[in-house]
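In the two complexes below, subunit A is the common chain; its partner is subunit B in one and subunit C in the other.
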Partner chain A sequence: MIPVTDHLPILVVMIPVITAYITPLVGILLKRTVKGIAVVALSVNLACSLLLAHYVLINGPISYHLSGVPPPLGIEFVADHLGAVLSLLISAITLIAIIYLSATIPELGKKKTSIFYTLILLAVGGMQGIVLTNDLFNLFVLIEILAIAMYGLVAIRGDGKSLLAGYKYLLIGSAGSALILIGTGFLFISTGTLNMTLMGDILPDIINSWTVLGGFALLIAGLSTKIGLFPLHIWMPDAYAHAPSITPVISTLALKAGLVALIRLIYVIFGPSLSAETVPLPSVLSLLGAVAIIICSIVALQQADIRRMLAYSTGANIGCIVLGISFATSAGLEGAMLHMITHTVSKVCLFIAADAMLIQAGIRRIEDFRGLADEMPYTMAGFSLGAISIIGIPLSGGFMSKIYVANAAIGIGLLIYAGVILFWTLLTALYFFRIFRFAYFEPSHREHRLHETPWPSILIILILGGASILLGFFVEVPMEMIRPAAGILLGGGI
Partner chain B sequence: MSGEVIASAAPAIALCISLSAAILIAIFGNRVRYVNEGVTMGATLLKFLLIFLMYQAIMDGWILQWAPVTLLPGVPFSLTVDLFGIYFAFLSSLLWIVTSLFSIGYMRSLHEHAQTRYYLCFAVCIASTVGIAFSGNLLTFFIFYEILTFATYPLVVHSQTKEAMAAGKKYLAYLMTGGIVLLFAIILTYTMTGTLDFAEGGILAGTGGTDILRLLCFLFIAGVGVKTAIMPLHGWLPAAMVAPTPVSALLHAVAVVKAGAFGLLRIIMYIFGIELFTEIGAAPVLAVVAGCTIITASFIALAQDNLKMRLAYSTISQLSYIVLAVALLAPAALEGGIAHMMHQAFMKITLFFCAGSIYVTTGKTRLSEMHGMADEMPYTWAAFTIGGLGLIGIPLTAGFITKWFIITGALDAGAWIYVLLLLLSALLNAAYFLPPIYHAYFSEPAESGDFEDQTSWFIKFPLIFTAMMVILFGILPNAPYFPLEVATAIVRSITGI
Partner chain C sequence: MSVLDPAFILGHYNYWVSIILIMIGLYTLIAKKNLIKKFIGLNIIETAIFLFYISLGDIDGGVGPILPKEGAVADTMIYANPLPSAMMLTAIVVTLCVTALALSFAVLIYRRYGTLDAGRLMEEL
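Showing the complex of A and B:
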């Protein structure tokens, strides 16, 4: 019998994908079981991710050859510390989101249930693949799987606004995919391989070729659309505002998967020294990251719709992560990865809390928050915990990850970027305190008193909110995985 | 921090007492009567007892430490109790007890709304103030320092009027900006030294050029200077006067401003070290700023008719005494400064209690309306007189002792100009405290008609108690546990004399 642990990297990807394929069939035959199957599949997936993370933490990275064919011919999956920790994050958050989703009233018609869950599972499979693959073309394929599922998830409501948002997303996303494909082609022509590690061995000798540099630029530009890096974040607000509740949650994770691809591009394929010296990567990406932080926060300040505000806040946070990645130091990378985790947990908490408010009370605009703390105290408490972490109030997860990134900026002498990150805290506080003021200090204008969200949803929101705070105190827990991850990546991958 | 370090969860338990009080209040406060008040009083007493017990261990030369998790490499979340920390925690927790009593009287008499929120935030404030006192490194200090900012915000905007909300905005804007600057300085320090521990003699010596150290010093002082209300960073303090009076007492005597002063002393003595601080030439500049603040704030105080506003500007002036004392760099001045931290707390809290007592009983806030009031409210005005005389620096009060030490220090340092400045300031203090006292006792009331003193004992007892302490500190400055005695020990351990 083959030990299961050997096949964990592929199991983590294939469980959601295969479940996605059978879900429409099940949907026709046994409509009621669709939710159950999705929950079971994602639970198994979480168990596999946990095993994988545990295995990687103890035994180091796993290299897995698909169908037993070794590279350069075969496709290789690498479960290093970065891949394992992100895989765990993706499984855990999607499972929580699915449980929340199945506990609330369905917003979509019954007809769409099975297609809805299919898209979610497909997106999960795509994300798991992106964070684990070590093959550039395979990466493109998985990015496309994820993207197509995401387009569907954005537009699934089928009304004018969501179709328009989905179309906007599709236009930008397809342009990005095309760039990624062309960039992959450029690098394949130059190196003759698609395996990232092998490319990384060959590239230093031919780095001065325009084809290679062009490929690098195309890949970075293409990935920027996927991660919503300023100024290519413009699809996010619309996509979040008009989609069902789960879409922003999945998208928050999808952005992180894209960031992992960016990290692999910069650190595994090109290597930190090449990226920093041959290409003026730090200056360009750092600048974009810093501008993203400031501009997105200022725009977020002006939003009246809570989901649009959260979308712009995500844009700023992506800027912070890109800033950390661009420093090409282990401190910067550690900070970026930690921020990926803390931001995901806190932002998902905010999205789910905002959704609970929308379903329960129709709250969509920020001015509707008046008196909410009185009427929905627990939902608002969960929302506040997530917001505290996003703002970066000590001692929360967001506070610690911002400190790590700011520390990395000062470590390489870029005091200005540390200043930007700290100033950003003030801007974030500005737009969240507007909500706090309405919710906690102003009376309600509603005619009827609202009812609190049902307790399963409250429990989920409070768990996520509590986790986003506790991550700050127990920052060593994720750091145990992140430190070796940064070490491996700075050494150019395994 | 010299002494034998032993691992102990006591500091964490002290913090958890207030935090569990906060949780209890949050859950039961709105449902069960008297939970707010009962839990608050129980927690303050329990906490005081625990801190008193810890004090004994510290006196025996131990240092208690609880550092369960690492936050940054080389920087744990560390609660470390040394003499300076326990000094601040002990006297603060003593003042908390009386402030809590006063709060009960005040909130009951005025039938205030949102009492659960009030007591909840109060408990979080206590926890964070003690957390500040027990912080073993700068990052832990910053964490509690910021939590204090956010926990006091709902107290400042308690009345939820437009004016209060505007003041709250100003309050947060000032304190958060200060926090950001402080955090920047902390990260810069971390990058330069790789540690953030408070250590006697400092951690920065020999780590960078004079320029970078000067920048760092500027950032640190600007950061904590906001809470210490050094001019021109003081704008939040008068604005925050819209808060209920027990909160003003808390903000201006114990928690917020003293957290700033405590942080300033910690940073100068334990991060820079007195020697390095002298070397980079920061002291004279700081002294000038402090001197200007003392005089300017006193003049502004003279012009205030609202009692709480006058007290607020007086606070700004008095806080800079502490800053000036440190900047003089003489051991005697340092002793005076550290003692003044607590002496001033007792004097100023007495005056705020009096202001609250007058407001609760008569609804009056302006000094010009308080003529001839001493007949009806003898206890309140006696306490006010003691507090006022103390701040002027009349012998046999706490204020005299600290001013004496600071002036001695100024003479030691040969800074004649500051001796004159301190004397001038005493005159100004007299000019703004003596007239109200005179009018209260000897002027005819503006509106005729006696009223009965129905002030609750919850209000009277605290102000009598703190006024007595002001006298005791003045008569027996060197008694054990009293501020001056401890200040001497702290300065001795830092300077090694």
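Showing the complex of A and C:
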């Protein structure tokens, strides 16, 4: 075997992090090369993720010991099917986002360009680490790396509103990190180890201890701030509305990384056996998920700002994923993971299309969509494709993943949650059809005609929009990775 | 040992102190209007967590886990667990970074708006 394949799990994490340290230095000397370096680094990263996913698909999960020290003492990275598929998703989407960013007009001043790329690369490194690590304290550190990069990305524009949104995010996020830290301490002192798999082996004997249950509750609460689970989603709308274009895209991925941490916490550390007996996990988390779906969708209906509307829609989708995770069945877990993928692709398409419209035409409010299909047909077409998938119109990617989650709910006899998903689809259709009506059926009120977005952006938007629809037709491609992932997790990790 | 046993309560005073500190910090974070005071509350919480972790690792009469000099009686020595302290070194660095970031945000916000009052600033958002 080639030595490189042995070290893929760490390469995937370290390539963006090391590049992040190089870019500010290079940025001082050669400003123009920063974009190139970032694109090259993320391309290499994508290649590594692809190799990793291929390797995991053929040979099964990899356990990687940092510095060669085995688990009880050393830190372990585990590239199982879930980690590999999310790592691939993260590197692919960030590469697309970076290419889009470098193809469009720089929205920030030249002074900030290298810092901007540094933060994105740091965030990518943090996310890749979160999806691959198997060590609880390591997870905390990586979550903090991601969070600090995200606070910076939200506030980087430096005007008053983005700073306020960043500060709000920072306060909520740091409180969440503090909870994660205490919870880690509780579990560490109960089990004497930080390795998630080893914890999972020890915990069944002491599961009734208040320390363990308290640690579990603290970790769930802390992670909820990171994944924006209702009611801790309140940082999202402000952060998305006032941050520069690419931040919501990176944040959509960061939420998914947090969800992977949540899945690992529930299934690898605690094991699904916990749910039925000691902690009423399904009833608590499913209820939170269902409430998130309904309330976030209703609030999204009332938004006038397109990015705020998309932020609340993300809150509802996170609710759906948490719903799928909380069922503790393989069908629910598969649905949740599939929804993570379809939601990421479609929502990133919507954010990039919304950003292209903002940069090209200054469109921010939903009323501004009047007559847009006539003036910017391709951008609007891409936006519509993404929206169709988010709504869950049959045969699109979003439809398939929603059906999986709804089926899982029916499978364990909780028909009410299938009803919630149906009602949510109607609400989502309501707020997107409002946009479609303005764009396709109402004349423009603008005095002068808008110009179409430059072609590189259109190409990226259409690729993402097409992918979000095609995922529905080729649902077996991600499922090939997801099925073994669910099997491994329900078996309590590797 | 019962939870209400005085010996238990007094014997674990460092845990009680860290819980009280966390509560003070949480109160400061929620009740204070000033953005910097809110963050001070968060710092109090973090410090209380450091105290909690270091209490976890310590043991009565424990010494640092360093090999004794030759000739010393190694069997009678009790070692403190070094791992929580090592973890806290990392956590202190992380907290320091977040604090620096928060304070620089606060400075910029004060320059833009001339106030740090959370109630008034959130109306601007």
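The criterion applied here is as follows: the second predicted complex is superposed on the first by the 490 of 494 C-alpha atoms of A that agree within 3 Å, B and C clash if a C-alpha of one lies under 4 Å from a C-alpha of the other, contacts with A are read in each partner's own complex, and residues count from 1 in each chain.
Criterion: a contact is a pair of C-beta atoms (placed from the backbone, for glycine too) under 8 Å apart; a residue touches a chain by one contact, two chains touch by 3 or more.
This structure is a prediction, so every number in the text was calculated from the model and none was measured.
Asker: Scan A:Glu447 for contacts with subunit B and subunit C and give back first, second, both or neither.
Answerer: neither
Asker: Quick one: classify A:Asp205 as touching subunit B (first), subunit C (second), both or neither.
Answerer: So A:Asp205 meets neither subunit B nor subunit C here.
Asker: Would you sort A:Leu422 into first (subunit B), second (subunit C), both or neither based on which partner it touches?
Answerer: first
Asker: So in the superposed three-chain picture, is A:Tyr404 touching just subunit B, just subunit C, both, or none of them (first/second/both/neither)?
Answerer: Only subunit B; A:Tyr404 stays clear of subunit C.
Asker: Using the superposition on A, tell me which residues of subunit A are in contact with subunit B and, in the other complex, with subunit C.
Answerer: none
Asker: In the complex formed with subunit A, which residues of subunit B make contact?
Answerer: 69-72, 77, 139, 142-143, 146-147, 150, 154, 157, 160, 165, 172, 176-177, 180, 183-184, 187-188, 190-191
Asker: Which of the residues in subunit C come into contact with subunit A in the complex?
Answerer: 22, 29, 35, 38-39, 42, 45-46, 49, 52-53, 56, 84, 87, 90-91, 94, 97-98, 101-102, 105-106, 108-109, 112-113, 121-122, 124-125
Asker: Please name which positions on subunit A make contact with subunit B in the complex.
Answerer: My answer: residues 393-395, 399-400, 403-404, 406-407, 410-411, 415, 418-419, 422-423, 425-426, 429, 433, 437, 440-442, 473-476.
Asker: Residues of subunit A touching subunit C in their complex?
Answerer: Per the touch definition, subunit A meets subunit C at residues 137, 140-141, 144, 147-148, 151-152, 155, 158-161, 163-168, 170-171, 174-175, 177-178, 181-182, 185, 188-189, 238, 242.
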